[in-house]
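Below: a set of structures, written as structure tokens.
After this come two complexes, each holding chain A, first together with chain B and then together with chain C.
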Partner chain A sequence: MKNRKRSVDFLWLGLLAFLALLPLIPGLLRSSFTQHVAIQILLYASMAQAWNILGGYCGQVSFGHSVFFGIGAYGAGMAVVKYGMIPWPGAFIGAVLAAAVAVVISYPCFKLKGHYFAIATFAIVEIFNRLFMVWYWVGGALGLDYSFTDQGWTHFVWYESKRGYYFGVLLLFLLVFGVVRWIERNRLGFYLRAVREGQETAESLGVNSAKVKLMAMALSAFLAALCGAFFAQYNYRVDPPMVMSLDMSMKFVLITILGGLGTFYGPLLGAALLIPLQEYSRAFLGGIGGGVDLIIFGLLIIIVVVYQPRGIMGIIDGIRVKAKRSKEGGE
Partner chain B sequence: MKQRFFGKGLLLVLVSLLMVAALVGTSVADEKVIKIGTLFPLTGPVALAGQRCRAAVETAAEVINNAHPELQVPLAAQEGLLDGYKIVLIHADHQGKPDVAKSEAERLFDQEKVWAIVGSYNSAATKPASFVAELKKQIFMCGCSSSGALTERNFKYFFRMAPTDKTESIEFVHYIEWINETKNAGVKTVGLIYENTEFGKHAAEEGRMAAEAKGFKVVADVAFNPGATNLNSEVQTLKAANPDAVFGACLGGDYTLWVRTMKQMDWLPKVALNYCTGYQDPIIAGQLGEDANYFMGGTGYAPEFAELMPAVAAVEEIYKAKTDPSVPFDSDSIQEAVALFVLAQAIEKAGSLDPTTVAETLHANEWESPLSMGGKVAFAPGGQNIKAMSMLTQLQGGEYKRVFPVDLADTEPVIPMVPWSKR
Partner chain C sequence: MALLEVHNVTMKFGSLVANDDVSFGVEKGSVVGLIGPNGAGKTTLFNCISGFYRPTSGKLLFKGQDVTNLPAYEMARLGAVRTFQVVHPLKEMTVLDNVLVGAFLRGADTDKAHEIARDCIALCHLEDMSGRMAGGLPIGYKKRLEMARALATGPELLMLDEAMAGLTSTEIKAAVEIIKGLQKRGITLLVVEHIMEAIMSVADKIVVLDGGIKIAEGPPQEVVNDERVITAYLGAKFSQRLKAAQGGDPRE
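Let's turn to the complex of A and B:
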């Protein structure tokens, strides 16, 4: 127990050191494309970590998170485009709405178990996508396009440099990872893992599994929606296929699985591998056409998942165990 | 052992590919070149159309860079621009996604240092990509994206060659009025069927406004998700409303599915008029065979227009060699070639590579464009080509016959469409 505590502290300090170094990257790397890749890594790591609360720690695999992501994106988009406001209140309202929608949707869905729950969340994405496509108050299929406005933190828009976006997404990253770090060490974290390992057993020990799952869903949706608001601000546009699609939902799931489901560092490792691969392969090979970049992207995912189904964290654990064994053998 | 060998081999292939790509990207850095980015959907649901658009821009670049005295297009006789500058194209793929289009436009300008971009086919992708260009005060030449909203933004660096959905909608309604007057067609009601995207929605809105402005009643408004595998309920809705004319905005495979579903349900309106591709794609028309006949649509170019646009045929031979399978220009791809030809003329006339000077030159002049119907290109504030024309054609015997406007027509339209049972 003593050893475990020491190693957790070490990991946390390591993360803090890593975060302290991150703000230096824009200064070190002048290229706006590299900054774009760094922003994408932090954004997708945050999205995956938000999903990890429900899918990883609580064991409820949801393919519907693009709905909550989209509601957050529309919150910011509606505030800016429809009402000419700054995006902050829209982002917050969007996040609260996403959490409320998540609770309303998941209350009946949580009665389903395993694959059936996952299938139900698939359907929810399609329902919301179609709904937003024909809901003209939110722009329908035409979506919401930002017009030129003042740059800076007030409007959370920058045109000439990505520096502001970088620090913005870094704050989001700290918030999402900080919340998960807090959950991990809090009673809620133990409840979530208990439900994941065996709902009946957890209930027999006094855990209110329905309440725990709803809390995880609401928190996960709230944080995913904040990521969506950032996405809209970053792209100056939001429309249903951009945000409320199975494609986007799969990114939440894929990054976490690749990095390591239910682990603190998994989403960051998954994003750090997948996003640069996606962006650089498209940049170098996308112009050739024929989807060479997508083929390489797909191959890598297959290799990692076949080689180690527990993702990158599984590979790291394997190396650690091997090193420990050889050390013990040497002694 | 085998596993380790496989892993090393894969790594070697990946590193080699990246190195080759990097070398290709840097080999032209020191030459006297004007880098132009192309940004099209090279993968995704409309990849074929995007690849054809890219081939069209490559065709224009080849004509501009090399002496082709045999071609009757501006700048063909000389080699390059501004006393020795050559155009180098840097291709990018936006996959049909607006967020990717935005980031790829940024990469093309910031990393690849392109001087201008030609693109981007999908209106929803053109919007954010051209927004980036406007921010950076760099020129964005848009060939065929048809959403009217693109040129309603008062951008100074955005130029679009093709007619908008609004222009085509007005033309559709003029045609219906004409057949009512001269052919006693009895068209009173209109139905709309469109893909639920930026393009489809905008086209349908323009179609509705144009029809209602002239007193036609819109009795059906049917949207579908692009890439649908079944359009039975959509066609059933149309059949139940039974409009006399249908305005369709269906791309690629969706158009094929729509036509086949109508055949399956044994229903046709008196007139079916289509925006943009699908109808205009000669490959799709070929696949549909006899079923494609008697449908109509706005057409910027078809090989059957040879006598109206005599300069196209020779340029088209170069284009055909760049497409696989080899195809002639279509209404969309030809506009992308026009975009680069017009930009090249403006650079030459401006005598400068200052984007603001070239943009002002583009606005201030009328440009020769033998690859455009009408032969001229000129831009209104906002960047719309005010000389853009499209003609209404009807597929008869597998050929695009010119039917409207009357002064350019070569064939009488078949009205109403021949029922499925009598074909």
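Let's turn to the complex of A and C:
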């Protein structure tokens, strides 16, 4: 067992403990706005991590994830608004549907290699956006507006404080990151990376690459849809441009690239850097007009990709290696 | 019944015939060498057998089962695994991770897979490299990584495509020893190789291809004396040298 780490991962457990205790530290998350930023960071980190399963670990870049995110959002929204139910079953059904749609869409798309897969996923966002715009049953362009209900975990809405949402999104974060941690250490994780690094090689070693890609896609879409359900609950409404848009799709991609593709902490680091920038720029520069956040996203991405294509995780690794070398040199 | 039977395999790419009606068998437990000049169709035949190409006509039997149209991953699951002539390391993964991908074929248990992987890494003398990224290895190590990874799948038939090309003579000796070790473990080998000295010392049978056609098949000593093989591939001088070395260790 000399080459394996079986020890407890203190970094991960410490991070979870910190995040769980964060609202209890007086003064830290006092204003509603800082709470909002913290919730957004965890939500977008979870979204990016869901995308990372397919795009980072498996190397299949999808610009279609806002569709799955949207289906999840509509799942919760339909349950609450159309059927007057609690959102939980809707979220679950939405996630299952998203996974099913993902598999149906990607089955033909995975036959396309490299960039063509990415291009095909672009088109899917447009198709679903238009479809939901004119689909009367799901509220069309007006979307679905939540009416007032009791607040609390059953209905998953809170009006007075954002603390409930914070713990809700923390659970989501725990689920998505927990799944990826499990994958990373088990066969599926090795197969995902093998398919990314060389499909032919993977197949020569008995890996059914088509099946592995479909599994990654289904899992990724399922988790993205759960994030969407949270998003609908958090905003008390859902409409097509909010969820099913290229803007939204880009966030899945860009946060992960910024943080580090195919790394466990990358999505969290990417979100922790981009989301505060996005929220504060929107709060303070909002008067200039929409899209300031995306301009900042774009600039950051250019800087990162030029300087370190492996993202923030790449920068951290670089520093680590340097530190190790200078330590060894000093001895 | 041979472990692998190749029956009248023909592979055409448009009007180009890469393999023309090739037949031979690979007996269980043996080492079969596949030789021939560049462009003879050795790698194409390998691709047909390992499931990367579907032969235009002909039939492939593995363990008595018709595998002519099986995809590569199914062949690997059945126990016929190949390496690549041009090394295909999974670059952004460590040597250990590369071998683990192979090791997971026989079960999802992580501890078991690590055990198998460490075993295969040791067998191919890659212990010092196991934490290194595969993309950054020197070529000799990459070749051995190909072998270790294929070995980790627990193959019955291991197909090595020029596993020794580009290696130094010391490295070749090490590779020959590895191959002999594999044979002792009961693994059947089909080996494409240009280095005659190496293949002569390990092969039980040699199949010679030229222009897509099988021109000879038989024990190594017989094949090197075959006139057609000498003209097509070995050349007269080389053949004499090999004959002179007969009885001694052909690697010297």
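FYI, the second predicted complex is superposed on the first by the 291 of 331 C-alpha atoms of A that agree within 3 Å, B and C clash if a C-alpha of one lies under 4 Å from a C-alpha of the other, contacts with A are read in each partner's own complex, and residues count from 1 in each chain.
Criterion: a contact is a pair of C-beta atoms (placed from the backbone, for glycine too) under 8 Å apart; a residue touches a chain by one contact, two chains touch by 3 or more.
Given the structure is predicted, the values throughout are model-derived calculations rather than measurements.
Visitor: Considering only the touch criterion stated at the top, classify A:Y191 as touching first (chain B), second (chain C), both, or neither.
Guide: second
Visitor: Does chain B (first) or chain C (second) touch A:V207, or do both, or does neither?
Guide: In the superposition, A:V207 touches chain C alone.
Visitor: Going by the contact rule set out at the top, does A:R237 touch chain B (first), chain C (second), both, or neither?
Guide: First partner only, chain B.
Visitor: Which holds for A:P276: it touches chain B only (first), chain C only (second), both, or neither?
Guide: After superposition on chain A, A:P276 lies in contact with neither partner.
Visitor: Of chain B and chain C, which one contacts the greater number of residues in chain A?
Guide: Of the two chains, more chain A residues are contacted by B.
Visitor: Note which residues of chain A are touching chain C in the complex, please.
Guide: Spelled out, the residues of chain A in touch with chain C are 3-4, 185-187, 190-191, 193-194, 196-198, 200-209, 262.
Visitor: Once bound in the complex, which stretches of chain A touch chain B?
Guide: Residue positions touching the partner: 31-33, 36, 130, 133-134, 140-143, 145, 147, 159-160, 231, 235-237, 239, 241-242, 279-280, 282-294, 296, 299, 303.
Visitor: Where on chain C is chain A touching in the complex?
Guide: 50, 52, 71-73, 76-77, 81-84, 88-93, 96-97, 100-102, 104-105, 108, 110, 113-114, 118, 130-131, 149-150, 152-153
Visitor: For the complex, which residues does chain B have touching chain A?
Guide: 10, 14, 17-18, 21-22, 25, 38, 42-43, 47, 50-51, 54, 90-93, 95, 97-100, 102-104, 106-107, 110-111, 124, 127-128, 131, 135, 149, 153, 196-198, 200-202, 223, 225
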